[in-house]
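Below are the structure tokens for one structure; questions will follow.
When the chains are written out, they are named A, B, C and D in that same order, and each has its own residue count from 1.
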């Protein structure tokens, strides 16, 4: 495995920071959840969460700046790494960078444990769950005090997000505020693509499992055909 | 056809038990249906169904234990056969193991009767039907006595399950209890993947049927092009 | 183009009857529409449509019988041509046999006019339209006089069928009778597969159009890239 | 890059007019939006928009006529360029010709900047957005004064269009007028195919990203794996 025509120092920086930053983005999501879901009269936890979230965001800004400088691309970096730029402005979307993190982490290992389809399913599935959770939080924050809202509890919001990301769309609870609907459209668009990837990979994997027998006989009994190889 | 580097005794056990256990899991589903749908004042049938279901579950536990020992993997078996572990805890999902059963049964035959696409469609279709039926039962049990429920008859529940698994999602009847919604999310996620497999296979098959003529002329009249070859 | 190991007389029969029978099945659909949609006090047109529909059904039975005898398969024919058997019992579904008709008709031509993707899209699209129309008629017949029905005009029924076959499923109008819901489930299942074929073919075609330029430069201006090649 | 057996003058005409006409079709959409959304008592802007829209339509007619003559195909042109004919009659659908424009514009460049999947995603995505916007305008015009309408603001109409094109279909706001429903069916059918292309391309791209590492090691750090290559 070799590094091809890329700045070595940027690569080294990404290798060292990717995992801590992924954990930091999870913590950011937790802080946001505390801000939204904690209704106690004592604002201590909400204030702590806000402070922590701002601190993590500062971390993201520093990381972005360091990588911009190390890349040596100047402002072209903003365009070539557009996904990084978007998640810097909207840190709740940082889970979308998980493919990037995965690729960086792979460099440390010798070889992947899961098959191609298994990996696509796992990572698209995880991103779907994180996006749904973030959207449920953001929509709940907008809707809970809106007049005529049907999403009045966080449970309703999660139920709505699940029916939106699977494109089922029951319509028993729906966002009514303009900003809530903007979040909803974003979730529907992202989720559709991610879930399409999960579905497509599952379909390809199933065809592969059934097709393998035709060529080489049934698989051995020590490998469960029910699990993605 | 040969056995490749797998413990022969585990393979033999699976070969002998797979079909009886599949029938037992069908019977388990029937027992659960009796528990849920029988409303007569006399609890005899409900008690009988409960006893039978527990007995079948015991069978599953024994089978799992025997395979765990025969595999020689120790507790690693729990992780490598995660689908088996899940269906042990939630026996209503056992229909999901039908791919496994199919592969085991194939070893007895000389060659498959259906084409690759036909098999994927048939098995994903059957699993979709069994999952919908199990979900309709489970949701009906949760919803029937809930305040404000829209799913009040088993017919409503089946209608809801069909609209959920096809991702149509009318929303005229929807689960309102927390547990009912958890079942619903599970059905939507599983069903989406399974139905995606059916749709993808049908699409591939249709393209194959239309594409075949280009290469080798129209198929003979003794093979109905309307049936998956 | 040659006939491969198939009974020549069956092939000849199918070649001669396929197109008339396709037209007859269209006429059957029209007769059914007259029965359902004609509300005039004078029953003349409804009676005429009934008589004509029965006559066409008799034609289908005779055709099925002749092909059963010519095939020389005896009762095995019922199973090998299961799609033909289904559409004999439920003649409204006869549009599903359009792939068969297409294949039979192809034998008369020298070569197809449309590309592979174009043909799959055209035939799956036509079948989707015919199925939606038949389902809209059948559901309207069940629902129009049902208590609590939301589908009260044929326009409502067509609107419902369109939202069902595209899996959008608004839920503003939905069937409430048991038989109407059975038709609905059938439409959702069939339509999902057919529309999946249309979507998949369109996607493949678009990728092909965009991919072609990479290999051989832009297509000539005398071939509209907007039309399936 | 060479022109293959196509009339050179038609090609030259298309090369010169394609980009101005694309901008003109955007302006047409803006004029239509002004007609629909401007509610001020002073009809000045509405009248200006109408005049401009008619002028642009005249431009389209002239362009169609010139291309019909240059092609030398006579009336056969109407059929071979059926998509052009459709968008001449319904100029709101002109965004659908964007694939054509793209191909014409490509001839000026040396090589494409985006990968195959990236281009399919970008162009299908842009067409989806334009179609949704046009459908939201057209449906809003029909529905706003209809009795019993649920789509009463343009925001409702955009929200409805987004839920329709992603096949989520909440049903909280739905068209009730016959013409509004015809537009809706058209949007659902077009959007399903376009979005299917986006989803399929994204899925293929994700599988490609994950699959590339297996063959050639991880990609270099100067190319963000989060952006379509």
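The criterion applied here is as follows: a residue touches a chain if its C-beta (ideal position, glycine included) is under 8 Å from a C-beta of that chain, and two chains touch if they have at least 3 such contacts.
What you are looking at is a predicted structure, and each value in this text was computed from that prediction instead of being measured.
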For the copies chain A and chain D, the interface residues, called same if over half of the numbers are used by both and different if under half, are different
Note: among B-C, A-C or B-D, over half of the C-D contact pairs reappear in B-C
Two copies, chain B and chain C, superposed on Cα atoms differ by a rotation in degrees, nearest 5, of 90
Maximum distance between Cα centroids and chain D occurs for chain B
When centres are defined as mean Cα positions, the distance from chain A to chain B in whole Å is 30
Chain centres from averaged Cα atoms put chain A and chain C apart, in whole Å, by 42
Among all residues of chain D, those touching at least two other chains are 167-171, 199-200, 204
Contact graph of the chains (line, ring, star, complete, other): complete
The answer for chain D against chain C in the complex is residues 1-7, 10-11, 14, 71, 80-84, 96-97, 99-100, 103-104, 106-107, 112, 116-117, 119-120, 123-124, 164, 167-171, 174, 178, 181, 184-185, 188-189, 192-193, 196-197, 199-201, 204
Listed in rising order, chain A residues that touch chain B in their complex are 155, 159, 162-163, 166-172, 195, 198-200, 202-204, 206-207, 209-211, 213-214, 217-227
Listed in rising order, the residues of chain B that touch chain D in the complex are 167-171
